[in-house]
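Presented below are the structures under discussion, each in the form of structure tokens.
After this come two complexes, each holding subunit A, first together with subunit B and then together with subunit C.
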Partner chain A sequence: MSKVTMPPMQPLHSARICSMDSKEGLSADEVSVRFGGLVALDRVSLEALPREVHGVIGPNGAGKTTLFNVMCGFVKPDSGTLTYFGKQVHGLRPEKLTRMGVARTLQGLGLFSRMPVIENVMIGADSQAKVGVLRALVGAGSTVTEERRLRAAAMEALDRLGVAGYAAKLPPQLPYAIQKKVALARALVSNPRFLLLDEPASGLSEEEMGELGDLILHLAGDLGVVLVEHHMDLVMRVCSNISVLDFGRVIAVGTPAEVKANPLVTEAYLGDEVGA
Partner chain B sequence: MRNFWNFLLIGVSNGLVYALVALGIVLIYRSTRVINFALAAMAMFSTYIAASLVDRNAPYFVAFVAAMVFGFLLGAVTERFVMRPVESKSPLNAVIVAIGMLIFLEAMAGVIWGAKLRNFPSYFSLIGLKIGGTRLAISNFDLFIVTVVVVLLLALLVLFRYTKLGLMMRASAFAPEVARLLGVRVGRMLTLGWGLACAAGAVAGLLAAPKVFLFPNNMDAVLIFGFTAAIIGGLDSPVGALVGGLITGVALSFIGGYLGSDLETVGAFVILVVVLMARPEGIFSSISARRV
Partner chain C sequence: MQESMVSAQPEKKETPAVKRQSGMRRVLAQPLLRNLVVGLVALVLFYLLIGHLGQYRIYQLSLVGPYVIALVGLSVLTGQNGQISLGHGALMAIGAWTLTLLQLHTKTPLWMMLIAAALVTMFFGALLGLVAARLRGPYLAGATLALALGLPDITTRYQSVFGGYQGLEVNQPNAPSFLGAAATPTEWLALIEMVCVVVVMVLFANLLRSRVGRNFRAVRDDEIATQVSGISVPRTQVLAFALSAAAAGLAGGLFALVAGNVSPGGFSVVLSISLLAAMVIGGTGTLAGAVWGALIMVYVPEWATTLTQKLNLNQAVSANLALAIYGFLLVAIIMIAPVGIQGLVRVAIFKLKSLRKEPG
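And now, the complex of A and B:
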């Protein structure tokens, strides 16, 4: 099993001028989502900040994935707002939000099984690039250069996660843990400012989970991470703030220590394990 | 024996036209799961545009390119404004809208250009080539067909395999939601896919017209042959469309040559039924699923 190697990171957004208040990020405010009669989210608020890991925990069916779907644009909230650096972005489609810097990984990974790993990552690469439809159709030389540049960017993203050696393979040929890294590389290749990770630890071994924790902390040196996860050890280790959802409501927000000590949380979710 | 070779060559030439139609069907089916029955009418309409231009003394190749561009725009506009509203509904809605579009365009062509059969010029001679004193059944125009189709297929291959645009189109076709999440403007890719498919259809119309003449539903039979080819190829494989087109073209040429040309359409249906019974997933889909 290859170890995740982490070269010293340059800030990815050094070129971007961040005039906004540093205390701002991606936040959901009083968001409600109903599916027919079922209330999936009931006035849920969450504020994710740059360079922080924000955990979202809660029992199955608490609305964690629905909240993610709202935050990445898949689901339009029935009420409430989504703001991104002070700008209202609810109702924007996922491709738009992704282009603005909100990347997400999926629980099911969603890798294209018939495309080699490198192409999987290239799809996500530099979505801002203006690849003119006409130019690509005419097949101008610049398109070829552009393609080469995207390939290099994808390779670099794979390399950062230590899976560059699998570039030519098809995803189904690879072990699950490698596939997960490919999916993560694909989310990171667009240089997002926020990364939404949907159960990144599921299916990983103890050791791989340790690596993942290191990686998340490392990523948080540069971007905001929102983490939906069931593995409490990982959540408690990497998160600076945690929101606890239960039946579509936020029942607690706070640091790992605060959340652990909250009796409501203990009752709803953590059960006896907290005392142990 | 000479007949055999002649039928084979004609079959290949016709088959390449069917392959273009099949490709038009496949490009749309694999990205939107809609069988675009309107493709026949779109091809016919584009061909009429070319014919009108030629009537006004435009050079053949200008008319050819203009018809392709028109086909592209017609496909793109149809996807954006006619198919998009029914996209999220049941697939049956889209199929019915496509058939409605077919009827609408054929009626419009009748209104604009009349329902009469007319000639469509071909830049190249339709008279059989002579090799060593024997006259073959294929003409310069057939060689033109081969050239055009091969160039077009190679251009599409380059687009899909070697450009970011093609990559995004493939991603949109396989998993639109995931593609969105990666920043791909899926709607635009679908519009573009319809445009390309209908441009291919327009070329098929231009290449078929000198042989089948031009009238408002001149492409209906060709669509059936193209559809047969697409089914043989597995409906979502461009390579399958090419092979399916060649198989259909050659098979129908032999049926028409040896058994009588009235039986060609019947032959297409027989092939269709046999393929659907024996291998409903087509010849190529299992190979592409296993391709590693």
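And now, the complex of A and C:
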């Protein structure tokens, strides 16, 4: 927990935090998304920095997941831009972004149910693989070497999360908390520079949530984390910066303490949870 | 399979248990070599077998070959990649006509004609795959069914090229002189087919064990998670369709050789649907299941005919008995063994193994 280095305090802006000069992370700038007549995101900006945990909170339907989907390429914004280390990346397909180093976990886990755990994680490592179809067909020696390498990398990722013992199991046979770790291992095995976590604490016990908090802080030692989460204890503990969304707009940005103290946030939540 | 691969890892070779492995064992631990060894053994056994069979039995066996190859392709597409195709009969037709037209108009050697049949069909399969990548479930079934329905009509529309209802004649290759006068064209064709079956099986077994096969399965299980893992879903789907079509094309080429002609009647919708049913009965997604499925496609109609003759059934019944048995098998297999005959075989092997372990 003590590993995390707190970045300097940022002044609180009302609608946007993306400072134009700093381009060292993953940032959404003035992003708007409309689904038909519904405005899901209205000129939302968010800047995630390396080695920082950035929380995204807000009531249900505030646009958190839509923002996530924009940041990982699933949803193309109607306006606004997505920048990754100074490079315009909006409009890129999700698989391209993943290969550039933006990994994410899914709310529904999305494990491959008919493949053993180890192969699930090997899929995550596929971005490092080079063997093409022809060599795969003839079963060239390079295929065997590469498979061994991917398998080792996947095993290491599982081991890092303490679930290497389940490598040969099928995901549906495992408890939910273990499945979550497998999904996380699949995202981590690609050595991402940014990790987007979509409600990682849902369905976990208090104790498991504590472990998750430690893990996130540990991960933030070498990569940037963006966290969408409902559990305020966890968010307040691990995040160095928090963006609060309400009805598709950013209503507050700042450190946990600042966000807590912001009356707009309390109002959006009708006083529950944040004040606790 | 995976265990044997792990045991081949260099860092584990230090342990005495692995060092004691015989040379043969080590060869078999290499997937490519193991597949080749199994394939060669199958080839030799097959060669010995056809020496003891009559010409008609050999002809029947040579009908199995093309179906095995087509079913391998279909089974990989459906069972491993999650895409359904009701158009594989039509893809076989493309391969069949490619070979026939090459034979008719050029002096291409046989092996090149077979490769051409696979490649041309692969090209059309890739096109179909581009469409398929945008369609799911019933829509994909419908689109591929349209191909199966429409393609045979092209052959009757352009009669001068494709031969119309009569179709075109295909010359069967003669056995090369080194096999002696003993090898009839039928035997030679059966051997060619067995070689093709072994090659296709080895290639697809390699593929399924590689990252390409794993990506196929990932797309089948969860497309969104596959994308998030950095893998292009449409590209994977088009690749699966193209490779599956290549197998169907080769199968079609061989089918033309065995049948001695190509005509639209041989590649009707019934063929496409029979392939799909045989795939399910054999065991969707498994290579061995393709063999079971192909055997059923050839021998069930044969047994049905024998049965009607023995029981003196009338024509109306005998004409449909094979189909009825087919349907019955399909329902029975789905009820008792969702993974088909190969699923049953696996369960049996597993039980035998655990039985053998208990006393030791």
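We adopt the following convention: the second predicted complex is superposed on the first by the 245 of 276 C-alpha atoms of A that agree within 3 Å, B and C clash if a C-alpha of one lies under 4 Å from a C-alpha of the other, contacts with A are read in each partner's own complex, and residues count from 1 in each chain.
The rule we apply is simple: a residue touches a chain if its C-beta (ideal position, glycine included) is under 8 Å from a C-beta of that chain, and two chains touch if they have at least 3 such contacts.
Computed from a prediction, not measured in an experiment: that's the story for all the values here.
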Subunit C versus subunit B on the shared subunit A, clash or fit after superposition: clash
Partner chain(s) touched by A:Ser190 [first = subunit B, second = subunit C, both, neither]: both
Which of subunit B and subunit C A:Ala28 touches, first, second, both or neither: neither
Touched partner set for A:Met122, first subunit B, second subunit C, both or neither: both
Partner chain in contact with A:Leu170 - subunit B first, subunit C second, else both or neither: first
Contacts of A:Arg99 with subunit B and subunit C, given as first, second, both or neither: both
Touched partner set for A:Val70, first subunit B, second subunit C, both or neither: neither
Subunit B versus subunit C as contact partner of A:Arg148, first or second or both or neither: second
Contact residues common to both interfaces of subunit A (with subunit B and with subunit C): 72, 74, 93-95, 98-99, 103-104, 106, 110, 112, 114-115, 119, 122-124, 127, 129, 131, 133, 136-137, 139, 143-144, 146-147, 150, 186, 190
Footprint of subunit B on subunit A - complex, ascending: 72-74, 93-95, 98-99, 103-104, 106, 110, 112, 114-115, 119, 122-124, 127, 129, 131, 133, 136-137, 139, 143-144, 146-147, 150, 170, 173, 186, 190
Complex interface listing, subunit C residues touching subunit A: 5-6, 8-9, 30-32, 35, 202-203, 205-207, 209-215, 217-218, 220-222, 224-233, 239, 243
Of subunit A, residues touching subunit C in the complex: 72, 74, 93-95, 98-99, 103-106, 110-115, 119, 122-124, 126-127, 129, 131, 133, 136-141, 143-144, 146-148, 150-151, 186-187, 190
Subunit B - residues contacting subunit A, complex: 155, 158-159, 162-168, 170-171, 174-175, 177-186, 188, 192, 288, 291-292
